[in-house]
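Lettered A, B, C and D in written order, each chain numbered from 1.
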Amino acid sequence: MNHDSSTVNHSRQQAEGSLVKKALLTRNQEIAKGIYEMELVEPDLAAAARPGQFVMLSISKGLEPFLRRPFGIAGIEPQKGSIRLIYQLAGRGTKQMAAWEAGRPVELLGPLGNGFAWENGPGRAVLAGGGMGIAPLLPLAKALRSLNKEVTVFLGARSLDLVFGIKELGQAGCQVQLATEDGSAGAAGFVTLPLEAYLQKNAGSSAGNSSSAQLQGLYACGPTPFLKAVSGLCDRYSITAQLSLEERMGCGLGACMGCTVQIKDSAGKIKQQRVCYEGPVFKAEEVVFHG
Amino acid sequence: MNHDSSTVNHSRQQAEGSLVKKALLTRNQEIAKGIYEMELVEPDLAAAARPGQFVMLSISKGLEPFLRRPFGIAGIEPQKGSIRLIYQLAGRGTKQMAAWEAGRPVELLGPLGNGFAWENGPGRAVLAGGGMGIAPLLPLAKALRSLNKEVTVFLGARSLDLVFGIKELGQAGCQVQLATEDGSAGAAGFVTLPLEAYLQKNAGSSAGNSSSAQLQGLYACGPTPFLKAVSGLCDRYSITAQLSLEERMGCGLGACMGCTVQIKDSAGKIKQQRVCYEGPVFKAEEVVFHG
Amino acid sequence: MADLKVNLAGLALDNPVMAASGTYGFGREFLKFYPSSLPGAIMAKGLTVEPTAGNPTPRIAETPAGMLNSIGLQNPGVDAFIAEELPWLKSQGARVIANINGHSLKDFEEISRRLSAATGLDAIEVNISCPNVDNGGMFFGTDPALAAQVTKVVKKHCRVPLIIKLSPNVTDITAIAKAVAAEGADILSLINTLLGMAIDRKTRRPVLARQVGGLSGPAVKPVALRMVWQVAQTVDLPIIGMGGIVSAEDAIEFFLAGAAAVAVGSGNLTNPYCIPEIVAGISQWLDQEGYVSINDIRGLALPGH
Amino acid sequence: MADLKVNLAGLALDNPVMAASGTYGFGREFLKFYPSSLPGAIMAKGLTVEPTAGNPTPRIAETPAGMLNSIGLQNPGVDAFIAEELPWLKSQGARVIANINGHSLKDFEEISRRLSAATGLDAIEVNISCPNVDNGGMFFGTDPALAAQVTKVVKKHCRVPLIIKLSPNVTDITAIAKAVAAEGADILSLINTLLGMAIDRKTRRPVLARQVGGLSGPAVKPVALRMVWQVAQTVDLPIIGMGGIVSAEDAIEFFLAGAAAVAVGSGNLTNPYCIPEIVAGISQWLDQEGYVSINDIRGLALPGH
């Protein structure tokens, strides 16, 4: 992703050297209920990674599990030569990962896919993360803050014990608005409610806005129904948005056509695009939601 | 195996409690080229194990590899609560085992099968091991020595770097005769040559024997062609022998009929018997060799 | 506690987890681990009219997430089963299903005739799908007309629920299912093993003495699930699902695919406690998900649910 | 250094390790890892006459030592292949095999007619065995007469070696092999995927949107090996063996079973360097075992060797 581009730019950040990397696991700990954070040191990876990109982790050298596992990059620290992943226990792959100890070499492919795009210079951005969708927004929030943008992050989770990243976002100078479905913290209910309230107030012309800077766009990641709702809001309030999508993946490389989504261009023509290759980040108005 | 029985006795040494055991790996080191020795602590197992019995090791908790792996018990130390296994790198199971570090819990089934039988009191025994077949003869040699029997052990190996157990046998007070196929140590050629020379001298009536005690029997373990040759010698020199057989195993428990061999009774009637259950030790004269 | 009882066309079982034929002998070897009454039923080792020696060894090969076997129906013959194994198993409180095999229709007729005199038998399973014998065996299971004939012949003498065990080595398993259903099969069990092979790079030869063998274990689970799911949509008979079940999770998938009960085969070889662990795991899962009975989850993954 | 060159009915390749159709796109994605000229040949993603969108997602599920896919032949259509992908691949020095599909004989005729005008194509592979499309697809591959018809239709327009790709979802794969051999197939490739299914315990539904999918990966290797071994004994055509090959050891087993060349499918997804590693591994093994050519080990595990 090119930081200088002013629109979503799907040109690939070509990785230096091979995409197959061996990284050193330096930290692996539970940060919320059933949610772990892993730090991996691999300087080339850390230098090349952009917010919104992902990696395919190899869980075992053998056949079990057979496929690699995709995880969004949740932290990028080129100075330390490290990236971070935040993952939730889902099945046997993540269960094995949770047992890994620091010092272990981890094989992965990455960075993969195209990250988020943004305009250079100041401005205002809204980020909305549902559940694990918060993870890939963390490095994005920091990148936007480093350009001195005002960043408001809406975090939605089922309950407080599944929330992570708030402190990190606060330290980076983001406004954080939390909603939990069970009301255990922040607003009760879906995070799309406070998000809608915010958009209502802040969208459109910057006149009458609660903030001075212009709202440049919205970035969202989370479960499909959440993205669909966010997409609807953006449509209603005429806000351009970028969505990070998920699909079950075979290769993560663009070869198997396993992760195809329907993307419609401005003329309304539908194309098949690969989440792993043309995505995972797409313009909200281009994404065709089914069902 | 009942130590008091004077003939091969296939009654099963009933294990106390469950056959499924979790043992602690306390040592795992290379003792010859590509040959490793593993010490496992599990007091019930050490107390129940008899020379000639085996265990089925679980290599992984998952599906890879799928089946357990059979290994003869190569050392029994009830006082230390431990047993030893000696294994050669053969494929992916043994390769994984070689990487295990002390402190690891190892799941296994055992002790399984029926061990060797011997007469109580002094006497004289010959043991013949080919290749890895030496492993299960080690605890047998010690048990026989503890009854003050004279024990001569014939060890055959492809070359010197694959030989193990000599020192242990020497310390236990056994006579050891080594033969290597490449002549790198001991007699050159197959170990059946010096064995035959020995049997020629010592078989039959104890009159004219080089030793005073009576030759009570021969115990052999090794590859099938070796066992077949040994069996032929025993036949020729009218020596009763016990052979420990190998077959590819499914369950190790007697349930799958994977490890069947043909055993003929004294009337010449052929029965199907399971190496894992009625064996692995059989009387030489009962074993039907094919091909 | 959820109710694990199932009733398959009159075959009433305390729980739906059976031991698959050929992986459990006649139950004796597992007595060291748990009572023979624990499995929903024990499908005994495949029987033939006369005692059978089986194939030469090696009979076992390992494959990725699975195994091959070419046992070749080694068994003491149906009479020994009736005289010794069946009474012993019944004395242990086990539910017993005889698994029968033949090289000809006459064989099937004879073995079912002899079994009709046995007391205590809970069901008969007809193996028309064994890939490990030369004549008969799988042959009967790959042609709808032949499968129907075997069913008819056995049905004549069968006084207990009749299970036909289907072969996965066919183009269309639903055609076989329909054919045997039409001739009076009460229950279907599937799948038997897939015909496979392993080659030894060192010797350059097949690993198994018989060259080919039957593939089982987790590797075949996707094929087994698909076939159960297809057959459940085709015929209205209870299905005993098997093929690769080694955990409660696996078993639950078969119920969702439409099975009324399941059987564990290779899993018994790698983990002698496989069946009790699966029974406990299913029970726990049903409770956790709020189901009252195992029958409540049957077929939930079928179209139209 | 052992000679890795093979010649399959005129299809001469520098090495016998190909990329299997559908797992390698049109080669572009692997250029990041190694040159497109490295594989013996690239079997391009399955083509249809018109551009095809494929099936809804999820299209991928993981299974023990394997995977299911239900891509449904998403592709840009044969014309785009001829205009863009083929010239590009040839400019990279690749050997290119077009994988063609159809819902009707007319489709097969049309697509082969269009391909007959393409320059640079090294062979055509006819997929009569895709389990992931509703009409046609596997249907043609499960009946000897239909398989023969497709072969005949394509043969008419085919100016390059003609490969027929067989389905494993059949009772007797040798019958199909004989039928297509009789109509002029030059080479056989096998196996395509086994029809399978995965069920999600949480949703109680099939994992794949299309419910069933094609099983591939190491899990199916024993079935693939058996079929190659059977077909090699039945017809006198060179065989491209595939199904579960992820290592040089796997590949060698296929040669021993009678394959003249091999292809790597799912292995490309889990390890982008799978093909070069296998090429190097085969070469090393041949040297170590003292073989002069890969052709020397072909069929060593067949009866009579």
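Operating definition for what follows: contacts are C-beta pairs under 8 Å (C-beta built on N, C-alpha and C of every residue); 3 or more make two chains touch, one makes a residue touch a chain.
None of the values given here were measured: they were computed from a predicted structure.
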Study note, to complete from the structure: In terms of CA centroids, furthest away from chain A sits chain B
Study note, to complete from the structure: Heading the list of chain pairs by contact pairs is C-D
**Study point:** Rounded Å distance between chain A and chain D, as computed from the means of their C-alpha atoms
**Key:** 36
Point to revise | Distance between chain centroids, defined by C-alpha means - chain A, chain C (Å) | key: 48
Study note, to complete from the structure: Taking each chain's centre as the mean of its CA atoms, chain C sits from chain D at a distance in Å of 34
Exercise for review: Enumerate the residues of chain C that touch no fewer than two other chains.
Suggested key: 63-66, 217-218
Point to revise | Set of chain A residues in contact with two or more other chains | key: 63-64
Review point. Looking only at which chains touch which, which shape fits best: line, ring, star, complete or other?
Key: complete
Revision key, fill the gap. In their shared complex, chain D is touched by residues of chain B numbered 63-64
Revision key, fill the gap. In the complex, chain D touches chain A at residues 22-25, 28-30, 32-33, 45, 53-54, 56-67, 69, 71, 74, 207, 217-218, 246, 266, 268-270, 272-273
Check your understanding: In their complex, what parts of chain B are in touch with chain A?
Key -> 60, 62-64, 92
Exercise for review: Can you check the complex and tell me which residues of chain D touch chain B?
Suggested key: 64-65
Practice item. Report the residues of chain D in contact with chain C in the complex, numbered from low to high. Key: 63-66, 68, 142, 169-172, 194-199, 201, 204-206, 211-212, 215, 217-223, 225-226, 229, 244, 249, 252-253, 256-257, 285, 297, 300-301, 303, 305
